[in-house]
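Naming follows writing order (A, B, C and D), and every chain is counted from residue 1.
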Amino acid sequence: MNIPIPALTQEGNFSRLSLLYQKIRSRSLDLTKPLEIEDFNLQAMPDVSPPKWHLAHTTWFFETLILNTLPQYQVFDPDFHYLFNSYYKGLGLYHPRTQRGLLSKPSLKKVQDYRQTVDQKILNALEKERFNTEALQLLELGLHHEEQHQELLLTDIQYNFFTNPLGPVYREDLRKPHNSQVTPLKKLNYTEGLYQIGHPDKGFSFDNEKPRHQIFLKGFSLANRLITNSEYLEFIQDKAYQQPKLWLAQAWDWIEKEKIEHPLYWQKRDGYFWQFTLEGWQALHLNTPVAFINFFEADAFARWAGSRLPTEAEWEVAASQEEINGNFLEKDYLIPLAPETNQGLSQIFGDTWEWTTSAYGPYPGFKTFAGAPQEYNGKFMINQMVLRGGSCFS
Amino acid sequence: MNIPIPALTQEGNFSRLSLLYQKIRSRSLDLTKPLEIEDFNLQAMPDVSPPKWHLAHTTWFFETLILNTLPQYQVFDPDFHYLFNSYYKGLGLYHPRTQRGLLSKPSLKKVQDYRQTVDQKILNALEKERFNTEALQLLELGLHHEEQHQELLLTDIQYNFFTNPLGPVYREDLRKPHNSQVTPLKKLNYTEGLYQIGHPDKGFSFDNEKPRHQIFLKGFSLANRLITNSEYLEFIQDKAYQQPKLWLAQAWDWIEKEKIEHPLYWQKRDGYFWQFTLEGWQALHLNTPVAFINFFEADAFARWAGSRLPTEAEWEVAASQEEINGNFLEKDYLIPLAPETNQGLSQIFGDTWEWTTSAYGPYPGFKTFAGAPQEYNGKFMINQMVLRGGSCFS
Amino acid sequence: MNIPIPALTQEGNFSRLSLLYQKIRSRSLDLTKPLEIEDFNLQAMPDVSPPKWHLAHTTWFFETLILNTLPQYQVFDPDFHYLFNSYYKGLGLYHPRTQRGLLSKPSLKKVQDYRQTVDQKILNALEKERFNTEALQLLELGLHHEEQHQELLLTDIQYNFFTNPLGPVYREDLRKPHNSQVTPLKKLNYTEGLYQIGHPDKGFSFDNEKPRHQIFLKGFSLANRLITNSEYLEFIQDKAYQQPKLWLAQAWDWIEKEKIEHPLYWQKRDGYFWQFTLEGWQALHLNTPVAFINFFEADAFARWAGSRLPTEAEWEVAASQEEINGNFLEKDYLIPLAPETNQGLSQIFGDTWEWTTSAYGPYPGFKTFAGAPQEYNGKFMINQMVLRGGSCFS
Amino acid sequence: MNIPIPALTQEGNFSRLSLLYQKIRSRSLDLTKPLEIEDFNLQAMPDVSPPKWHLAHTTWFFETLILNTLPQYQVFDPDFHYLFNSYYKGLGLYHPRTQRGLLSKPSLKKVQDYRQTVDQKILNALEKERFNTEALQLLELGLHHEEQHQELLLTDIQYNFFTNPLGPVYREDLRKPHNSQVTPLKKLNYTEGLYQIGHPDKGFSFDNEKPRHQIFLKGFSLANRLITNSEYLEFIQDKAYQQPKLWLAQAWDWIEKEKIEHPLYWQKRDGYFWQFTLEGWQALHLNTPVAFINFFEADAFARWAGSRLPTEAEWEVAASQEEINGNFLEKDYLIPLAPETNQGLSQIFGDTWEWTTSAYGPYPGFKTFAGAPQEYNGKFMINQMVLRGGSCFS
């Protein structure tokens, strides 16, 4: 589910870790720079967290799991443990998720001080080599955790702004995609056999990526690129949202109850579709990948197209043969792009997360992280389908 | 339901109206001065409106009903008509009430500009005597409307802050009550007879205060002052919240479903009650009136005390014999106080609104306001009980 | 709210009381004769009670309030106290209202035995003059209570059958109305003055009908008959259900949320309306009174017609000048009829209950019944509008 | 998910098919014999269907999918297509599932006639060899479908009776288990390797059992028998329902919201647990398998026991090595029993369905049934965990 990045703690390279810490932590602040102070408490639905909360919670993670293990550490503010714990029941009571948007206090200013204070203490302790191995591992986890929240932060900002009838723009200065042709869609074939999947356990990985294990796969094929908005539009124009036979039963109930006729961020105006992006409302980009569709929609599209979604194992086998490279956050597009090449498999990393037909569950032999982060992933392994590959927000 | 204040438009006294306009409009801004910018979008429940929204909506009222009638008036921002209309269906679509707290845009700054721009145009037009009688009447209504929203603003701030686990303080510099004895509770008697109630129609009145009309009342008695927190505490200690026989059926369903054991703003800590105020959490004030109880609680208390709530007519007959004077907003206590005297009837105005046992409905011969404000009151005359007298927020 | 019927207990006329008891009790059974056994447990919405439950509950009322006061009385089945108590919290726990339709046990047979056993014991005790005055008063209340449930029984059967797509017929042998012309609608005027309303306290009355008291009324007028389906159809055809200005705010929310376009029991087929009756689906009767509309609809119709609903006091003053006579249950039409005469005021009793613009509340000096029936009416005096006059089911 | 039974249609053995048809169809009626007529419409929650509906729907299946393909077939009642279609959107509109319990009409008598009529026509057509191969395959599917509904029928009766405070008994004459010792719990080991799972495609199978395919499994172990009520009681007594760390996040939300403290059919009285069965309330059977626990409870128990649930593939590999034999419906216990032997693997078939840790999804290469039954299984493959093995109701 996650992109492996080089492990640091095993190398004991503290100065490199220190630089990485500063880089990742400051990126969170950078991502909030386009916001006005009033945008920091927005929580437009229960599953969204306000930007200020993201900034505070990621800091709380470092303070609670790492600084608190140092002798004589004084917490920044004792109330923050209740306010900014997300869901770690083992660590005590926490503020209800649905009410994060009501926390006008503590102020953004105080949360920014919190970040700065915690960062100084972390960096200071790093320099003085006061962390033991376990703390260093948690520090590395904290950085990956921060990166996950950076993605959530952008996702949540997009949703928050989407609900505002003024259609606010997050940034106007995003890097602009060079206009590109869409590669013809074709099938790439993979042969039957025994494969290894799961993280090879060199460097950092989340607990849910392990252990590496053997699986048997029949031969399968995978499309050479993502589905475009234009292709998805055909699906809509073929009245897919009016045909129950294309949908899972729960999906159809959702369509009927919510009167769904197109993806979340689409809107029809005078017969043409528009899409909401971090640059505001734009005429639908025809050649770029369809994004922000849910599992029901991806599954129905695949059925309509006479195909199916890949299993997680198939995805992982295909992905393991490619370079980890793609349209991620750092590229600063913040929108999926048309593929850069018509050779081989494109876009398996970046652009947009890819739905698999596998339910989220433990790999054989799965063990949760030890200690406090044992609640990190395992307890959510139910009634969710697996997304892989990362996105332009990751 | 409202305190008559001197009518201005009938006198054509424009400079006095201009001064009053400035005074009332600037009070709204004064009331938001203790807020930080992040407090301006809070909407802690659907019935609450964010402070920024109050500031904008009251301005929209003047712009839409009055400035718009001037030739060649250019609206400040065409989106505001949708965003800041509260519930006037006759004026077009409006933003859903439950989502007012999600409007991080337009910014507070822009809303403040909106106020300033509208105020200048109103004052300018007043000075140039460009308003006709109808516009002047709407202006007067707009000022009363603004005062109603000032009360809502304080009420909503109190609720918003109450939901924050940090228990924020709105103001620490409120005027402090002189500690006072509580007058003994006694009954004042009123004789049977024909009475006139309703607004006498000299000066301004809301449509729901009219017409003045005759009623017949049996003799009745009224308590000489409000019930104190201490008296309400006895009711709680007598296990009133555990005895269905004291409550209306709907009230008991509410108590059971929500597990209610005390008034909204009370909290029990280590066996003692605290109350939430605009100065934050305080130990329960024993000698001051119980406030922020709902109709169910007032009705049950009266039953427990072997009494009943007055009807609206009884209240109005009693009140009409008193000076309109009391602990209102201007006194700057922002909390109900013990009565100042033990003579006659105290506290019928100010301190806290008083529940009557009358359902909200039209007076015989009721007519809504003409024009756009016809939706002001009439359409809400159902399934509400009448409160009278005003409060320390009014 | 209720039709006074001659009081019996005060006369000590036991044999007449015995006959009346038998007559009223057997009518309940008669009303269920057209049902098949499978119809006896239907509860098509929470507010409906199944026929079997009505039969058992009315019997429980006699057993619990009256037989239980006799020395050495053995209850029929100890479980029935929990199962068939409706809402008397003072008498102990009871089965949740919403689950009455799930009681396939006890069987109908057992409930019929229950009725028979209780009836025999009541009649036996009556004959032997074993009841004291209080018991006799409760017996009389029990008979009125049974009559109220007979009306509910028919109302609930109609709703239950309405939800069945087969549109079942309750009875095909109802008395058929002679086809009649509709009297032209005109206003009858009533003069201003002091009136007495409330039950005069000779004979039986419900607690909520008392005490008799004086009121002052301005002059008012009342239509000489009920509104017909044809007149209501005009209201619909004038797009009333699409115009918010005709409706109370809560009413409009209901119309929008539930997509209401006509009264509950109406259905549009190929452009024409049909209505559901105890004889099944029928083409809309144009000349008979519109029935089964809620307060919102009555209120909006009155507003549309440039009129208003009467207050309860106005209704009672007008009704007190008429004979209590009308199309009630005994007439065996079980559907409202066109008025029989074009003289004076028609249809104030019977045909269909009439909405007033008064909220349900206590008359001045109201006291609940003493003892167990104190929960009979008083605790429901909130958030309901008053209906008067009785119906063809009463 | 289903127990393969010998395929008949491929043999063309019509008389054997005819006998099987009669046997299976009459068993449905036999299962309803202990019911009183009032029990036939019970639907104590939306997921339950009333017994009458089960009888009608299974008949509708034969009529719609098979008889309707015969030339000149006249449907029994045209309304039944709407009333008794369960969820086949491809076949048209159907009555809302949640309202099945309100269908007092058609009567049980009419539904029984429906069964008889359809059965005669099916048997007649069988005898005359009027069915083509496809119809015969659908007939076989219809019989398996009927058996699935027999299991649902018993499950639903148990739930319906459970909600009745009288705790009704379905049958008192069930076969009584010989009292037996519980085999000690031990692990059976299975070796790593490539296995074949899925239905071997000889004889009947449901679409979701196919195709047979190869998988790779690491070595695993499985308990030699089911967990007993006594062992589950230890879990409860160890305060498992109070410890969030044992539960999935969704499970804990459920426990907190619904205040769950024990399995559905358990009840604590004076410190001891009772369980509800088809013979009514009984003191908890300590040595028999815990049943009617949901996935959350099975998963938490396994975690508490330091173990985990098997995957579906592991279950299938283990089961494929055993005889298909167990405490099924035919044994007429209708309650899970202690294992009969302490040798090898017990109870993998019958007694109670067994939770796996696999989400319900398609086997690789899955195809839905052709024609109308294409909606039979595939559209439900989302957000459900797989149960295997069958139960004493199967």
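The working rule: contacts are C-beta pairs under 8 Å (C-beta built on N, C-alpha and C of every residue); 3 or more make two chains touch, one makes a residue touch a chain.
Everything numeric in this text was worked out from a predicted model, so none of it was measured.
Enquirer: To reach subunit D from subunit B by way of touching chains, what is the minimum number of steps?
Expert: The fewest touching-chain steps linking subunit B to subunit D number 2.
Enquirer: What is the minimum number of touch steps required to go from subunit A to subunit C?
Expert: The fewest touching-chain steps linking subunit A to subunit C number 2.
Enquirer: With centres defined as the mean of C-alpha atoms, identify the chain lying farthest from subunit B.
Expert: Result for the farthest chain: D.
Enquirer: So how far apart, in whole Å, are subunit A and subunit D when each is placed at the average of its C-alpha atoms?
Expert: Roughly 39 Å separates the two chain centres.
Enquirer: Subunit C to subunit D: how many Å between their CA centres?
Expert: 46
Enquirer: Of all the residues in subunit A, which ones touch at least 2 other chains?
Expert: None at all.
Enquirer: Classify the inter-chain contact topology: is it line, ring, star, complete, or other?
Expert: ring
Enquirer: Looking at the whole structure, which two-chain pairs count as touching?
Expert: A-B, A-D, B-C, C-D
Enquirer: Please output the residues of subunit C touching subunit B within their complex, sorted ascending.
Expert: Touching subunit B: residues 87, 89-90, 194, 213-216, 218, 244-245, 247-252, 295, 308, 311, 357-359, 361-362, 364-365, 374-375, 379-383, 385 of subunit C.
Enquirer: Using the touch definition from the top, list the residues of subunit D that touch subunit C in their complex.
Expert: 36-42, 44, 52, 79, 82-83, 95, 99, 101-108, 160, 163-166, 168
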